[in-house]
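Consider the two complexes below, in which chain A is the common component and chain B and chain C are the respective partners.
For the complex of A and B:
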């Protein structure tokens, strides 16, 4: 097998499916995808991402939602209260598990396949514009065939009260399957919206999930975005999130992500109008032989915008994690204030973390900082626990949880915090080395 | 008739990175007694308290410590705590992400379990913790915050007293618990300590100020200098030290 099987395979498979005929993007994306090489170890941005297995697996692109045990699926959704919910199983909408008719009737949540003329126009105008296609080969793959998608549209000066929960469930298929899904969020001027993306799974899965989320916030629009990527570790996923911020808009993201066979997050923030603000608050965890790759890119292209990025990593066993956070301040982006920090807990000698905060500044009147640290559990803190009668193993577990929880407790939605904690409990349940971490130097 | 000592330190020598810090300390504390330890900065007061609590940065070179008749060095720090040793730290650490309540509950659970007492359910524990907070004039919000996270110096010290009150130790080592407390807080903390005084429970109070000893009246005062106890006396020694400083002893 050649390492480019995924590409050929995908092209053959997708050729048998039909995109929505009014969309202009798929044709362009196909051409770009055909012209691009799949990344290798030599591709700088993919240097640490282990793609070999993915590229050598013959995935088939399937056309209908997989069979699921509905009650098991319902159990995974959490109790998020009054939300509009769309559930996708291996990339396809599962109507039985979804409920969003209120927001659908208001034109706030629309499937691409149900879009009216104005919405079609909006989708054609916005989709694929928040990033540079040449640099995101998996995005062009995603857009090569668009059978459907979700448009979330917050109307002008309107506060959408109900949070929108998008759940992407991955489950086992008869053959390795390619699941692709996409969301376009358009916050009209002065609107506000809360979006919860939950990437979850029903047990083991042989799915490769290629996801695209594009967000366009118009002047003074606000989006609170919560993201849980808490799937089974057998999953492979490449996830692109691309955000455009117009003047005075406000984007706040809180994320919890677990490693898996392969997980790659590309987050790309574009400041296009002044006085916009972006906060990225994330924590990633990897254990066993998992992999997680976080690539953040903040393009400060205009003056007077601020960004605050704090990412924490918890890496143990023989897992591998990558953090690459880049702040790029363009020549005209004066009075930018941008801060980025990545703090990691590396608990095993076999685990590996590559962290690279990057600051590229071409303007002279800016305030910026970036930093990264890698540490182990603090001896003084452990002794403090022990001096209060708490045994060493419990102390370590509590400190690890505390490290992660410090981020999770900042999530601006208590029901999502609760759900995150349930998944964290599952995660920590079987960290092999949590019980004998102290034997490590 | 002599009682069995609660704590018996004999010729204790301890070092860190080959540097001797405790240089032959002997000290006997009987049940119910309050001992004050004073002495210049860097003389080894905190080291002594930490060695007793089980901090492993220090190497015990020679000497012995018996606590309730057993060899203290045989016990892990958590076992010492469960047996009744409590150290109120000079500099309590901050632990973000772990709430004070979780921490206190885990601690009290572990200690009660060891003592054969039944575990307190969450509501009873919360009630108890809130009551102690009230006595120490700590707002109940402190229980929800990360352990010592963003607490002021004085709040950290009061949090140590809160833990002591919940754990009901038999030997409390208070390492400069008075430093950083305002006058009112000092009184509140001292009341917290005095409320726990009983014929079985003993205290070793490390302080630089004789003022604290007006509130917590000691049975003995020791002066630690250069890793040794260079003078011991009654309460009046503290007054003398306040007046004359340490130079006349050394």
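For the complex of A and C:
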């Protein structure tokens, strides 16, 4: 098989599916996708993330959500209290598991297929504008065929009280399946919204999930964004998150991500108005033969914006983690303060971590820094525990717990912290020296 | 900033004069015949010619690297002359007394104590003028210690075993595009061999100068420090002011055997082009050292103030257990200069340590990038790396960039990387001016302080020169 199977197959199949006829984007995206080469090892942005297996698997694009065991699915959703919930199974909305009628009636959550004229106009104006299509081939694949999508719209000067929970479930299919879903979040001026994304799975899966989320925050809008990527390790996923920040807007993200067969996150933050603020907090964990790749790009295009980024990595067994954090200060973006930090714990001889924090700065009156560190558990700390009668295994577990927990406990939603801890307990269940980690509390 | 400071930036490049000497220069262009001519002119043995041709054939299949954060029109490799030597009445000069007085005067003007009578601080110098080595000083004294210090052309004839063993052992012919080109056409350079358990009695130094129009300089330096030896080596470079861009594609190979230490310092002051970015040297250099034996150490210190474009990554392969690699760099860019420079530390042996301190200063309309790689192999137990890259921006038209690659395959390794970017702060300037120090001087003080960590690694004479060079290069940058 040639390495371009995925591309050819996707093109053939998507040509047979119909996009919403009022959307202008798919045609453009198809042309761009056709013109772009799939990344190879020589593509700088994919240098450490081999795509050979993905590109050689014949994935089939499905037109409707498959059958799922609804009670098993409901168990995975967590107890998040009073939330509006949209559940997608292998890329398609599952009405039975979803409950969002309140917000639908208020016009806050709308499916693309139900959009009214004003909303269609908004979607046409906003979708596909928060990133450079040439650099994101999987995004153009996603937009090549848009049979539906979700628009989340926070009205002007309105605080949406209920958090919105988006759940993406993956399950096993008869054939390897290409699941594509997309969400557009539009925070109107002065609005406020909390978004919870949960990527989860129902056991083993042969799905390749290609997800696109675009967020556009208008002046002084606020968005708190919680992301749990806690799927089964058999999943392959490329996840694009592209954010546009207008003047005075505030975007805060907290993420927990597990590795899987392939997981790639492209997070792209564009500062388009002054005094905007962005905080990215993340922790990623990988074990077994998992792969996780986080690519962060902060485009400081205007003056007086600040960003703070902290990502921590926990890598063990034969897994591989990749981190790339780029701060790009454009020529006129004076008075920017941007800081990025990546700290990693590498626990196994077979594991590999490749990190690359980048600074690209074209303005002089700025304060920027980045840092990266890779290390093992601190011998002195372990000795300290042991000298107080705590055995080494427990001491190691506690130090690891502390390392991960430092990020998780900053999640601004206790119910989500609880859910994150459940998934972490599952994750650590078969990590030899750490399986009693979460029972310590 | 103030006008006075503006004017300060516009100082002249002091080494920019042309020496009018008769020279013998090959017509521009590159093919196998040119390589045969170069090899024949240097009376090289057949194996050397074959080695060059092999490199040339590999080069033909390679493409110029595009990944660096640099912009320049493609180099026309057929517009360059690959060999130029000052013409002397007979053949090569037999001793310093026979060297064209004009050339000696040139080096005199540059402050190179070439002539032994002008003994300065006891530094042995090998001077390379365009393509050939002009003379090496203090040869006798070095010979007493058993140290070999001569031009590489001589070494090929006199010490073929050492050359065959080590040439290309650190930077193979096909290593990269410019290294392959250098391997094919290198004309001269220095060779140093320090015998076992010998501490080289003096600092060794090479001075490179490009003089002829439309020539490229492709020198090759090879330093071998045998077990338990120590050598400190200095390198300096200048070129005349010309409107055309000239190519400098050198290769430097260092081999440190067990317990040996090599300290390699560079002050690079090639012509950077005029204030409109016209002319200047393209400095595309491959420098690499291998710490082959246990407990060996290689330390690179560089002060880069010249060149229109710098593409240079002095690296260390830490193969021996407990070996140490160091990289200290100050890169200053002004005007339209572009620099993409940094280092690679490849940790292979156990308990290997590396330290990287890089200080980038961008002024004018220049672009200054640090690009580094730290790679820890699965066998490198207890490896340790510390990296610090700081950038200072002077003016709002320039850019400062950091691209560190960190690849770790060993859980026992500890790696730290830190980078900051800032400008000369108004508070610091205010404090200085309040105490009666004018703005120019204040900036110079602040920049010098910023670079201090690196300067202290330089040998004394060089540290003074580097400080001055920085001052001149910055003139007019403040405003």
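As a working rule, the second predicted complex is superposed on the first by the 431 of 441 C-alpha atoms of A that agree within 3 Å, B and C clash if a C-alpha of one lies under 4 Å from a C-alpha of the other, contacts with A are read in each partner's own complex, and residues count from 1 in each chain.
To be clear about the criterion, contacts are C-beta pairs under 8 Å (C-beta built on N, C-alpha and C of every residue); 3 or more make two chains touch, one makes a residue touch a chain.
Nothing here was measured: the structure is a model prediction, and the numbers come from that model.
With both structures placed on the common chain, the touch criterion links A:111 to neither chain B nor chain C. In the superposed pair of complexes, A:397 makes contact with neither chain B nor chain C. Contacts of A:384 after superposition: chain B is touched, whereas chain C is not reached. Touch criterion met: A:369 reaches chain C, while chain B stays clear of it. Of the two partner chains, neither chain B nor chain C is touched by A:415.
Of the two partner chains, chain B is the only one touched by A:405; chain C is not. Touch counts on chain A: comparing chain C and chain B, the chain ahead is C. Contact residues on chain A toward chain B in their complex (touch as defined above): 378-381, 383-392, 394, 398-399, 401-407, 409.
Put simply, chain C touches chain A in their complex at residues 67, 69, 378, 391, 393-423. Contact residues on chain A toward chain C in their complex (touch as defined above): 44, 48, 331, 334, 346-376. Interface of chain B with chain A (complex): residues 53-57, 76-78, 80-82, 86-87, 89, 92-93, 95-98, 102-103, 106-107, 110-111, 114, 146-147, 163, 167.
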